[in-house]
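What follows is chain A paired twice: with chain B in the first complex and chain C in the second.
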Partner chain A sequence: MKINFKKLLSRNETVLIFAIVIFAFVIGSKSPEFFTLANLFDILRSSFVQLLFALGVLIVIISGGIDVSFPIVGIFAGYTAVVIMQKFELNGESLLIPIVLAIVIGVLLGGFNAIAIAGFGIPTLIATLGTAGVFRGVMLSFVGASFISDIPIALDKFSTADLIKFESEAGTLVRLHVLVIPIAVITVLISLMLSRTFFGRSIYALGGGVESTRRLGISVKRTQTKIYMLVGGLSGLAGILYVSLQRKANPYDLAGSELDVIAAVVLGGASIMGGYGTVFGTVLGVLFINMIKNNLVLLGVSSSWQRAAVGVLLVIGITIQAISENRKNRQRRSATETEGE
Partner chain B sequence: MSNSLQRFTTSGLLSDRKVTQLMGFTVLTFVVFSYFSSDIFFSRENFQSMAYQVPEVAILSIAVMLSMLTGGIDLSIVGISNAAALMAAYIMTQNMTDEGKISNTWILIACLLGISLGLACGVINAVLISILNVTPILATLATMTLFNGIAIGITNGESISSLPEQFVRIGNGTFFGIPTPFVLMIMIAIVVGFIINRTSLGLKVFLIGTNRKAAQYSVMGDRKVIAWTYILSGFLSSLAGLIIASRTSAASPDFGNSYILLAIVIVVLGGVNPMGGFGTVTGVILATIVLQMVASGFNALRFSQFLYLAAQGGVLVLVMMLNVVLERIRVSKSINKSLGS
Partner chain C sequence: MIKTETAQYSVEQIVKSFGGARALSNVSMSVESGEVHCLAGENGSGKSTLIKIMSGVHAPDSGIIRLAEKEFTHLSPREAVQEGIQVIFQDFSLLPNLSVAENIALPTRIFNNTKFISKKETRNIAIEALELIGVDMDITAPVADISIASKQLIAIARATNLGVKMLFMDEPTTALTRKEINRLFQVVDQLKKRGVATVFVSHKIDEIQEICSTITVLRNGEVVADGLMKDFGAKEISKAMTGQDISTTRIAPMLKKTNKQVLEVKKLTSTHTFDEISFSVAPGEILGITGLLGSGRTELAEAIFGKYPVDSGEIVINGQSVELNSSTAALEAGIGYVPPDRLTQGLFLEQSILRNLVAVGVDSYKSKLGMLSPKKLIEVGSRWISDLSIKTKNSANPVTSLSGGNQQRVVLAKWFAMKPRLMILNGPTVGVDVGSKREILEIIKVRASEGMSFVVVSDDIPELIQICHRVLVIKNGRISREFEESELKDSLLYKELN
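Our next item is the complex of A and B:
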């Protein structure tokens, strides 16, 4: 019983929950606005797009890779879907058409990543850095480089589709966006996929070791191809939802946001070496980062220092992870040494 | 797949061939652009402006090369160079009289402090990577956010411009008819080339990059060597930052974000193995010149800057693919040979 408790304490998720609770109390004691439903729903709303990206990044990181092209894939898919809708005068009332378009574009772009990574075995960071440059350059020179404010009606309307909407006693509008349901469903599905399906387990196996995965009889190339296409699709979906929530399609957006998402996933306990990571941890990581970003101002940190604050958190997060990893390795080594004697 | 030993010998034998190939590539690029844009590209002004732009990118690329030789990567170079430049610029503008006069001593102090900041950033990277065992990608991703955040925080995200005249003269002046930054670049290239080819530190860098495990077993102090590469990389990045500030007479926290992709493209194009163990300074300098010619050529031919971005990414992915294909052909040839004999 005692051992289980210790194990539970040393888990990344537990640490994160503690961190979230402590931060919540610190911020809440400074300003009572923090503990309102409106603020909670705001944090949720700003987490939707990031969470979708983060789930994609989680899958890639578990498989032992790293992807820095996903924000570009997202905005490419979202922006291009809007451009196609306008050019071919597709039914603007339909919400399904742009979403399907964006997912298809995302899967295609993910396919390019898959060719570079699975087909040619290029290191994932270098491959996705390269493809990110290509995607961004192609989008801005061939698809369009101008800001679109009159996005299709359905997408525009969707940004204010609220599940719960009422005025609180203080007079502020409390809104919970309807997206909370599909995002929750996707999160659960990905969690089930990772833990219950053969594909999910081969992702973990791949992160544990490429050669051993091959010896197990799992096709490394096929698994990698599926991973990058799936992540492309997720990014595409995130991109079009971003466009819808922002009510504008700006091709310069999202670029540079990859760090925050990777930070959330790593803080959530996923091992950058691959083979370990949980959806629950990622969800907590995303919520944690968004809670801090949304409320640093309440804490008295000026907006210009926010990036530095995120940087400090990241450095602390990876340091804690590295130290616990080092300790585990040392224990393992000493265990084998005593066995040898 | 070929083992490390084989990789070492094949790339060792091919070292000269790679540089020769690159020289051919340089001449080819030069001829193509001179032919298509004989009036703008093939002009004295263009060559002069290229000679002013190449050094900063080349120095940043050499910094990336150093970390890549040990099998790591340094993504924080641009963050470091901007932070160092801002530090120096801040001190200079603080100590300027209203007419913009400042003594040479203050400029020297400002530059030295900027460089020490770069060294300090390098030390942070070194501590994270070599002592705490954090994966280089992750550590430098985090510190990149941190350094950038500090730079934004200090200046509130604004840039510092109109630097003192003496300082600006360094970056825009000539030394015996050659632009001063170019002379600095050559000096740095010679010193770094000497370090990695002629000293025991350099030899250890290559050995660690080729096989970290073997390096550990031979007790050469691999952690210390890796720490040195990141400190040196921080130092070089801060120099590049000062050169940029001096040439443009300004320092900004978000200057040259695209330089990270560019530097990695250059390093890989220059024949450095991203897994570590092989690379030459000559290759990196030649690759910088090739990419600068492509940039100027695109400019002269009035292609958009985004097309250049796409070209950078495309070159990175294609060069990596070509390397893989050539390696496969080589391996299958050597297998056939040994089977035949």
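Our next item is the complex of A and C:
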């Protein structure tokens, strides 16, 4: 089979890889620290939680929706799991209990999103904006509003569970967290789900056209319900891992992280109009955003500019999408013309 | 050996209303295995609603759906698919983001209730389905990138794949050339031999007579005629459809001979879309423009109004050259444009009828201080409501409260208020019932006899013959033929189109 280079070049993933390489060289040329294993592992560590959130957002965006409630769902699930552990004096040695708790809470909260979206047909942005407010309010008034620093022992220990750990020649500690394995597994599973299962293809179908999907005999409501519950579960898992990695449960955390995550997914090539997007692109998008955020300082850019930088990237990503869409439309029109002859 | 399917599908006493408006009342119809059944009727007669009920998209208010031995009060789309019912919708209902292969394979997946998907299997299903209808195409291309005719073939391949017992085709020929229609008919013949029951929906009487063996005619949601096709002539069918004797009597007003031209289009070109188009329109003249979907007719109409980008050429209004690619310039020169999709492009749906009526000319109602006087606006609005006999109790009601025909009148009034020299109407009667259609044509006629010129873009040939002084046929972005008043015959026009 011949590889179509033109097609390959026009793919979002290819563009993103180039962008990552170029940025890496720019930053690396200014600061030799960039090209160290320690820095690479740092970028990976800061990407774990974000990637889980991003995979959820990717699924929602492919289906033609948008979810802005995931950071709240994440911290709600993570914080509540810790509170439940303490209140009912559950076995603090167990890592599994808080994780399962958080996932279950996430799925439940996702279920509320599903009720609003699939049940009442509320536009996804408004629905999740609304539920985000409700979840936050419920958490702060009923679960708790105080910072918890003595999280269960297993969660606390897990933050330093490293797969690789050694001291480099320069004397810095090089650590790769064990999470890299489960996160990789989850990423591959989501990718397989999207490309190889009927449910995954229904998500793409939904993004291609709601009415067409319904006419095919695919239940739109059922598919949406599954999507939002799955995304809730992913967010819950992300939330508890965040709590563990930070070694504290702060109910005010994560709010505002939606910008980074959505920017990563859009830069990764997912169309905000729905129907398009890949897991590989999202992984690249997350790595790209984290590389930039972690290393702007090395370039001498003040950290207060990080948010602005991510915002600019998001706008650039969407602009590229809009321009290529316009160009395609023109080509399409002429293609129809010539074929009609 | 080809597997033969057996199917007997009938609906009895189906009733369906949408928000008080009755779409279907006591409709019964039945189709058998190997039968090609025609469902005919004007726009708004209830055909689409009936298809949607029979295929599970809508649930009927009452009535019975009978499939072989099974009885249903309503079907879900999934049940319908699993019972072997497939619909080819007018818009094809394909998913543009997925490949040709996947679009074809999806219904088979649903039919088989597959959970996991292999790409190889998808490929095989698609190739097999395309072979079944004798078509060869690149199955890896995304559907967004292929032509309308290919999309249609995909829709057919997808629907006629294994498992189909009952096939609905909703106006399948609208976007096709005669050659492609012949191929479609071959496919329908094959399906007939396989024992598939087919319901074929079309306005085009010659096609219906060619392919169908039985017919049901709907009018205003009721069955007004049914039986064997051979018992019906073209005249009987159109009479049943419209409820009147063939209404293609011309109503175009007499045209005064003059050398003046209101509009002159000179060598208008837009790369890839249309090429060196030249024509002119005299005062009071109604010029028709027709062509198949994708011929460039809509783009041409938009280009004259400055909405579609033009690369070269000239547009002259009353001897004055108009700036190209500018709707503002076109408006100022006295050109008005009514888009085909009035609901999304021509009206502010949630706003009041009155506000819509005065929206375009709002600048001309300003007082010296730049303020709008409500009294003045109401005066202007009421005049138009009575002039165009728009049926409403209160002009403060939103436009959505009006019927399709009345909405279209609001759009027209809005533009007439600007006193344009030339009105471009793109599909002026799409989605409008028969009675309103008549009245809209009457409105055009009256305005034309007062001296306003019209360009009417439409694919409704009888309508063009009724109202136009001349008709241009556009093919592949060029004027393929001009029909003078004396040559306006539907057979000639249809022939030129295909």
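Couple of notes before you dig in:
To be clear about the criterion, the second predicted complex is superposed on the first by the 334 of 341 C-alpha atoms of A that agree within 3 Å, B and C clash if a C-alpha of one lies under 4 Å from a C-alpha of the other, contacts with A are read in each partner's own complex, and residues count from 1 in each chain.
As a working rule, contacts are C-beta pairs under 8 Å (C-beta built on N, C-alpha and C of every residue); 3 or more make two chains touch, one makes a residue touch a chain.
All values derive from a computational prediction rather than experimental measurement.
In the superposition on chain A, A:L216 makes contact with chain C only, not with chain B. In the overlay built on the shared chain, the residue A:I84 is in contact with neither chain B nor chain C.
Residue contacts after overlaying the shared chain place A:A24 against neither chain B nor chain C. With both structures placed on the common chain, the touch criterion links A:L140 to chain B but leaves chain C unconnected. Between chain B and chain C, it is B that contacts the larger number of residues in chain A.
Within the superposed three-chain model, A:T319 lies in touch with chain B and out of touch with chain C [touch as defined at top].
In the superposed pair of complexes, A:R201 makes contact with chain C only, with no contact to chain B. In the superposed pair of complexes, A:G275 makes contact with chain C only, with no contact to chain B. Within chain A, not a single residue is touched by chain B in the first complex and by chain C in the second.
Per the touch definition, chain C reaches chain A in the complex via residues 55-57, 76-78, 80-82, 87, 89, 93-98, 102, 106-107, 109-110, 114-118, 144-150, 177, 271-273, 292, 294-296, 476-477. Residue ranges on chain B touching chain A, taken from their complex, read 73, 128, 132-135, 137-139, 141-150, 152-153, 156-157, 257, 260-261, 264-265, 268, 274-275, 304, 306-317, 320-321, 324-325.
The touching residues of chain A, when paired with chain B in their complex, are 66, 116, 120-123, 125-127, 129-141, 145, 256, 259, 262-263, 266, 272-273, 302, 304-312, 314-315, 317-319, 321-323, 325-326. Interface residues of chain A facing chain C in the complex, by the touch rule stated above, are 195-201, 204-205, 207-209, 211-219, 274-276, 328, 330, 332-341.
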